[in-house]
Every structure is written in C-alpha cells, then in structure tokens.
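Here the chain labels run A, B, C and D in written order, and each chain numbers its own residues starting at 1.
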Amino acid sequence: MGFELGANRYGKADIHLATVTRRDDRHDFFERLLDVRLEGDFETVYLEGDNASVLPTDTMRASAYALAFDRPDEELERFGLRYSEYLLEASPAATRAEVWISERPWDRVVTDGVPHPHTFTRGAHRWTGHVLRTREDVRVTSGLDELYLLKTTGSAFGGFLRDHYTVLPETEDRIMATKVEARWTYTVADVDFSKERETCRDAIVRAFAHHDESRSVQHTLWHMGKAVLEAAPNVDEVAFSLPNLHHVVADLAHGGIQNDGIVFVVTDKPSGQIEGTVRRSEAAPTA
Amino acid sequence: MGFELGANRYGKADIHLATVTRRDDRHDFFERLLDVRLEGDFETVYLEGDNASVLPTDTMRASAYALAFDRPDEELERFGLRYSEYLLEASPAATRAEVWISERPWDRVVTDGVPHPHTFTRGAHRWTGHVLRTREDVRVTSGLDELYLLKTTGSAFGGFLRDHYTVLPETEDRIMATKVEARWTYTVADVDFSKERETCRDAIVRAFAHHDESRSVQHTLWHMGKAVLEAAPNVDEVAFSLPNLHHVVADLAHGGIQNDGIVFVVTDKPSGQIEGTVRRSEAAPTA
Amino acid sequence: MGFELGANRYGKADIHLATVTRRDDRHDFFERLLDVRLEGDFETVYLEGDNASVLPTDTMRASAYALAFDRPDEELERFGLRYSEYLLEASPAATRAEVWISERPWDRVVTDGVPHPHTFTRGAHRWTGHVLRTREDVRVTSGLDELYLLKTTGSAFGGFLRDHYTVLPETEDRIMATKVEARWTYTVADVDFSKERETCRDAIVRAFAHHDESRSVQHTLWHMGKAVLEAAPNVDEVAFSLPNLHHVVADLAHGGIQNDGIVFVVTDKPSGQIEGTVRRSEAAPTA
Amino acid sequence: MGFELGANRYGKADIHLATVTRRDDRHDFFERLLDVRLEGDFETVYLEGDNASVLPTDTMRASAYALAFDRPDEELERFGLRYSEYLLEASPAATRAEVWISERPWDRVVTDGVPHPHTFTRGAHRWTGHVLRTREDVRVTSGLDELYLLKTTGSAFGGFLRDHYTVLPETEDRIMATKVEARWTYTVADVDFSKERETCRDAIVRAFAHHDESRSVQHTLWHMGKAVLEAAPNVDEVAFSLPNLHHVVADLAHGGIQNDGIVFVVTDKPSGQIEGTVRRSEAAPTA
C-alpha cells in the first residue's frame, strides 16, 4: 500500500492594496485585502518537487497590483472576476481559481457640510466579495461583515426546550446584539454590484430595526433574509452568520438594587452562533 | 542588605459594561470598557500576605455596575469622577485612584430618513477618558482613539537628514494616513464633556483635511493641535499619538507600468510613530 | 414565488473551560476551548419564532462544564464523543452535532530537575479535535495548530512558471518557516488519542527537520504527510494548512553590504498559503 | 496668548528582523521586533515643516538591518546599546534615544534525542530589552513577557476589606494563573545578558512554583521579586506586571453537582492587574 495526494490548493493570503483615482475635482480611494487560491493538477509539485507548473504566490501578489492599476476604481466583484480570469490564464495546470476580497470603505470626510475632495475616514463595516472560477463556469458572491447591530428592546427568548442542564431564564425583553456577516448570490451575472450591496445592507439594517417581535436570533435572521430578497430582485439567496453577542443583566441584588434592564455585563466569550440561508422558493409564498 | 517594595499599584482591567436609558419615545445605549488602579500604602499585602487593606478587584468590578445603575446616561468623564471618588472612599489605604474609560459610540440607526427609537450600529472610533484622583486633587482628560484619517494628496516629505543608510526618496505628493489617538485636558473642572469631545474631534478632522501643505506627520500634528486649542477655549493642552500608516507606491516597472500614484502597497509593519503635545503659551502668539 | 430556509445550524462558540485532577502526589491541569453546532429540523424556529425545539446555546455551555466534571482528565477526543452524544440526545430535532475542541497544553514546570506537582506553564502549540456525529455515524479527527517550525537552510524554490508579472528570483537556499495546522483521521474508532497525537506531532517535526531537499512548501508537505502515515498505522489521512511565513533577504546594497543570507525582513502579510492532504492509497507504493 | 510645542518624540514601531549565524556544524537563528524613539530639539519640524533635522523613520528601519548584519548573534541588549548609539550619532538634534526589543526565542528542534543543526520551533515566551540613552548616560533593562504560569493549589485569597459591593467569597484554595511580564535593571553595565535572563527567569518560575502559602498575587509578586534579587547579584531592581487570570469554580449546583475545585470557567475579561517593584534596600534585611 502506498500514499497519494488528496485535495490540495495553494495561493496568497492578505494581499493588501489601495488605489486612488484622481479626477479634477475629487479623488476616490479604495482599500482592499485579497486572498487567492488555485486548485488543479499539481501532483508532481508535491511528490517530485517539480515546480514547472507552479505560478509563484509572489506572482499572484504582483499581478494583483498590476491589474488594479488598469482599473483603480473598479467594483470589488469586477476586480475579482478579472483577477480570477488572469489566474487561470497564467496557470495552465489550474482547474479552479478562487478569490476573496474584503474592502473597508473609507467614507469621504465632510467638514462644515462640504464633502472634502481628497480626505477620508475609515468606515465601520466591510464589504466582501468572492469569485469562484473554473474553466467552464464562474460564480460571484457579494457580502458584508463587521456590521454591528444592537437593539435595546423588541427581542425576546422563551418557550425553549429545557433539560437537566438548563439554567437560562426565559425573557420577554432583552438586548439583541450581533456582528452581521452576510453573503448573497445573484441570478444574473452583470449587475451594478455597488448598488446591490447598498440595497442589501439597507434591507438588513431596516429588517433588524423594525422586526420588534423577535423571538430569537434565528427568527430575526429569517426576517432579514426575506427583506434582502424582497429588496433585491437580482439576488436569489442570502446566507448569514450571526453571533449572539450576549448582554447579561447585571445582578445587583446584593446591593439591594433591582436592575430591571438598565445595566448589562457585556460578555465576549462565549457567544451564541447562528448561521442560516434564506432563498427563493418555487413553492407557494411563505409568510 | 535587604529588599523593599518600590512603586506598586493594582486594580481591574477590562470591566465591560453597557447601560440603557428608557424614555417613552426613545432609548439611549452606552457601552464602556473600564480600567482602574489604586496606589497607596499596601506594603503589608506584599510582604506579609495581609489582605486587610485590600479592596478586592472583584469589588471594583461589582461597584462599577452598581454606580452605572444610578446614572446610566452619565458622560464617561463624570462617571470616572464618581467612580474614582468611590474607590478612594472604599479603600482607606489608597492615596491615588486612576480610571481609564473607553466608549465605543453606538450610532442611532436611521431608516428611510427616520431615526430609530431603539436600534443602534457601532461607530468607527472610540471616545476615551482618564481620571486621576488623589486625596487632594483630581485631573480629567478626554480623548478619542481609533479615528482613521487618510488623504490622497496635500502631503509631502522631503528635505530630511540623509546618512549612510538613507534610501527613502523624497516626495512632494504622498498618501498620508494615520489612526489618531488624542487626549486633551481642561482649564476648568465642569464642562459639557460630550460637547467638548465633539468640538475637538471636528477640529482634528477639519485640520487634517484642510492642511494641504503638510511637510510631515509632525507638521500636521501641530496644525491639528492648534485647531483644537482654537476651537475649544476650555482645553489647554492636547497630546497626539499618530502612527504613520505607510502606503508605498507599488513598483510596477517590471511590467512596463509607470505607477504615478495609482496603486499602493498598504504595509502594516513597520509604521512610523509620531507623538507630540500642543499647549497654550504665555508667550507671544506663534504662527 | 416565495422564500424558504436553506442550510442552517446554530450553537455556542468559545466555551472556555479548565479541569483539575487532584491526585495525592500530583495534579493534572487541562484547558480547553469548545465550539459546538447543531443541524436538524429547525424550520419553525426561523419562520414562526417557535422555540419549542431549541436547546438554548446557554444549555450547551452549562452542559459542557457538567460533563467535564464527570471525567476531568478525559482526552479531548473522548470528551468530544461524549459531548456530541449528549447534544443529540438533548435535542430531538437535531440530526447532526459538531464539536471542535482546542487544547493549549500546559506543561508541568520542572525546577532543579524535579517535576513540580501542581505548577504548569503554557505550551507553545495547541492540540485540536473535531467530532461530527449524526444519528447513524460518528467521525473523529485529531490535530494540532500553532506549531511554528523554521529551518535556516535545506529549502529551495526555483524552476517555477514565469509570466509577465513574475519578479521573484529563484533561490537554492532560503529560510522556510510555517505555522503548522494539521488534522488527521483514524481507521479505527478506539485508539489512545494522546499517544497518537504525540506520534503524529513528532513525525511532522522530524520530517520538516530532516527533509533537506525541499523544493517548495508543497514538497515538504508531502514528506510530512508520508511521515505521519508511516509513523501512525491507525491514521489513514492527514490534511495540512501551511502558511509560508516569508523571510526576505534584506537588501543592504545601498550600504555596500552584500547580505548573503545573514539578515532577513520578517513579513507578516502577505503570506503564501499551502493546503494539502496525504492519504493511503490502494495503488502501488509511491515514492 | 499663543501655542507651543510640549513633550514630543518620534520613531519607528515594529521593525521585524531575523538573523542567521552559519557555523560549520550548526546554525543559530534570532527573531526580533524593534521599537525606537528619538527626542530632542525638533520644534521647527512641527511649527515650520522644516525637515532638515529629521532622520527619517525609514532610515531607522534600514539601519537596524545593517547593524544586525555586522553582528548577527549579538545579545539583544548589546544590539540595543549599539543601535541607540548609532541613532544619537545620526541625529544631531536628538538628545535621547530609546529602543525596545522583544525576541521570541526559537528553540532548537531535537529529534530522537539529537539537536538538529538548523531547524527551530518557536518558544512560548518572549525576552525583552530596553535601552534609554542620552548624550551623557545610558540605562539597560532586560526582561521577559508572555510567560504563562499557573498553579492548581497553594494559593488563597481571604481576609480582605469588605464593603457594600463586595460579593467575592473568601477562598483558602484557588487556581492562581498569570502572564508574567518582568523587567530588571543591572548594577553594572557589562554582564552576560543571556545568562542573567536565564537566571532571572528560572528564579521567577521557581518562586512561583514553590511559594505555596500565597495569600494574593501581590504576595507572590514579592516572593518572585526577592528570588530574582537573591539569584542575580547584578540585578538591583525588578518590576512585575501580573494580570490575575481568573479561573472561577463553575457553579454546577443546578445539576446537583458539588464542584469542589474540579471544573473552572476561564474568563478572559475582566482580569485583575497587579504591578509592583522589588528592589535592594540599604536598610536591615526584610523577611
């Protein structure tokens, strides 16, 4: 009996680049972090140390900067499409290229009501994109992460299963807080990605804010998912990863204080973790 | 010859709390992280293991929650004043109490132009405060950190000292980026701290944006410092800690590309680090 | 057209626990971090806010501590088996339970050559385990991560594919450094997991050290994988995730210095990233 | 009234370098992270944007690599002495240079009992050094950090001050855990720094392990401090920063379990924080 190579891939992590577009009246600024992987027929690289088929990860890095030069103000998804195309062209042995992009938006600074032409401040969440390209096909996902949302009421958690180890009290009114990570896919290949992202983000925030009968993070996830699909006809599926960032009512009884939802212990660990996908269905409309 | 105890202090780090104020038409939400230290006559604690004078750090933690309950919407500086007062009262052996507070502002969510009564999203920088209290005196500092600012032009760096190891080219036009940490002190004890903080933050951002003849981070620091003192008459000194977050023009010459300020390598390490204080002077006005 | 729930799961992240076993002559100490997820028929939780089928994540947390009490010195894999069994029993709606465990080994302190009965210092890498249990089946994986390995010679990288963007010089002698993450699966369910882990770790370190004809990280990965399978007959597959932590020869030419492999710039970002699996094959032995 | 420049300094943070010494029979490997600051007469830099006196932080970076080339196996303290000397020579306006160095030791890999000539694995704590040089004087400090120590018994905490907010129970037997940061100064300028560091580290570990009548972290700190001064005659003062990494006995009463020190909740935040200095005294010997 011998040994063989199973699943494998390689690439570059954390390629950090920025681009500036310089117009007469204003500049734009983009900052992105790239991760890239190639899969394919690379067995001899591993077994024989033969690098003839290896596009060095340093070339992946260098090419990202060169491609960004060509179109410095391109949407992150379009950059991912172009970059993955280059990777498959440059690497004949590869059958599949995968690119993850995250962009921290730098908002234009406004002073005394006037947008400044070339000064920016870093925003509070990140946009993300993912491109998976084979020789036959390509799929694009857009998303966001590090979007912190919190509501001080309109969230309950009760009626749950109880067993020997259950100590959690039921509550009709709690703080619900999460750091939203969302990714959505499109039914068509060519959309205005920036506009779609804004639409989806706004739908998520609005649904989180207005869904005041939340029975659980899962329940809110469903409402946010529906809201995205209702607001964005080009989107056919949205996946969420939602940590439940617990805010526990501080026990002040020893000091004779009945703390009815005024002061909370913010706990970093552990956190609940809710992950779910909402998609369009051929079946009759659901609630 | 023997041994003796030198400088010493003790306390609690990273007390993480949140408060909610519940009005009829809207809630407010505050999230704060506290650090606290006591100094004083604690020699027997160390040398003899006698804890009679030790206020446990767990009591420091518990008391922070109880004090926050009393005034959940208090400004962070006023909380620090009250908390440090409690600490000295509770610890007769202590001669000095020090409290650091950092507050991540959660901005009220606006949907369709309407501020939401109880939903918030986490902001992009942090407010900070520091209270140093002795039995005779107290000093308050306000500040901010994690304020990322970047400008794509209006910044130069040249005319510097050169030696054997200098390879850096001079530049008349570069990206300047920093993560501002600022702390300022007041000439009077009783001010509207929240308003002062907004004023100082706006002055910093405005000065960074409009100072387009920047010859160095130091040069910009001076302009930001003057701007704070001009905008905030109650402030008599402001200290900055400014990393120079380098954005290096990507070398694309090998690809035949002359990259004239379009694509940049964002480097995390190393970074320049500029720290300076600007204060009022009795002398004649400086430029 | 309506909407429907797609893939979903929920659980608790970062349950941090420690156990002590107290024998007459010595104590043992274990520190573990747990992540757990359940999948199953939870549609009504999302669509209707009906929590009747939800085992709260807080119960997952509480039960972990209770189960650890029963067998405080159990191997991490056996704890994962028992914990996943509890989770499926406690949650009738669940069809699948998944548990990730990571354990930072605390090494017994040795003073003057004598192992101390109850004092420990934190080790430099982590052990990991993963249990995936359905109603019919269970799979166990063991592993390690944060094992930093570096060699100052015996590693080359050349003969690679070149394109328009390739600037990397070939090298016959470079520093190779990585942070090993490895996971392996067993052919049998009941092994001495602790011993297997030691065996696999030693095989990885030995192969990394002695493979001095390395042509790439991929090449070394293959040798480490073979070494694991040769040393551990109960293991049938091992997967590696190997960042290439670049150490770049510092360019000191401007100072008239020819730096032939003495001083290196350690770069944190970007890094290469090599991921591959080595498994047993029915085919004839490979080299 | 005008404005003036107060305290200021500048430099480079996180210069990351590695060196290799290549002997016939074995290599040595060192990895270091440097922070450096200059203070002096730099007023015109800030006020006038005149960089004539500014040694660029990029030159500080480049010179660190060049100086490391000259003596790749130098002790970190000696490197700091030489580097700070260069900085003051290169910067006539500077009156003070400060260098912080941290070194993650890479331990030589041992396979089958044999030390490997050129393979290393990253150790679990870090060595540190600090050099403060003026035109007249220089001071050297050595130290360590990230040394995690834990004992499962031999530590108590009781007899403390109680007030309105005190809920902590007294305990005669608890887990004590800390991440030691220590810094010590020498009475003489020229010592075998590496040996001194080993001596001080061993004294700290031994005192932590053998001091089984610990009444508090402060009490243990004192014993560790004395141990350093007793073991290292060239050291005249040692300062510790000791977080109290709380391990709280898990409350399992709801499950009918009396958890007498078997299972613990490891909490990351908040932590106690104890900082103290032990030094030699001219007075009569203390206990």
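Quick notes
Here is the rule we use: a residue touches a chain if its C-beta (ideal position, glycine included) is under 8 Å from a C-beta of that chain, and two chains touch if they have at least 3 such contacts.
Note that the structure is predicted; figures quoted are calculated from it, not measured.
Contacts with chain B and chain C are shared by A, D. Seen from the C-alpha centroid of chain D, the farthest chain centroid is that of A. The centroid of the Cα atoms in chain C and the matching centroid in chain D are 29 Å apart. Taking the mean of the C-alpha atoms as each chain's centre, chain B and chain D sit 24 Å apart. Centres computed as Cα averages put chain A at a distance of 38 Å from chain D.
Multi-chain contact residues, meaning those touching two or more other chains, occur in chain B at positions 16, 62, 66, 164-165, 167, 254-255, 268-269. Taken as a contact graph, the chains are fully connected, with every chain touching every other chain.
Within the complex, the chain A residues that touch chain C are 1-16, 35, 37, 42, 45-59, 61-63, 66, 90-91, 157-168, 213-219, 221-222, 225-226, 229, 237, 239, 243-244, 269-287.
By the touch rule above, chain A contacts chain B in their complex via residues 16-22, 27, 29, 31, 62, 65-66, 68-69, 72, 106, 109, 111-112, 116, 118-124, 147-154, 175, 202, 205-206, 208-210, 247, 250, 252, 254-255, 257, 259, 261-268. In the complex of the two chains, the chain C residues touching chain B come out as 164-165, 167, 254-255, 268-269.
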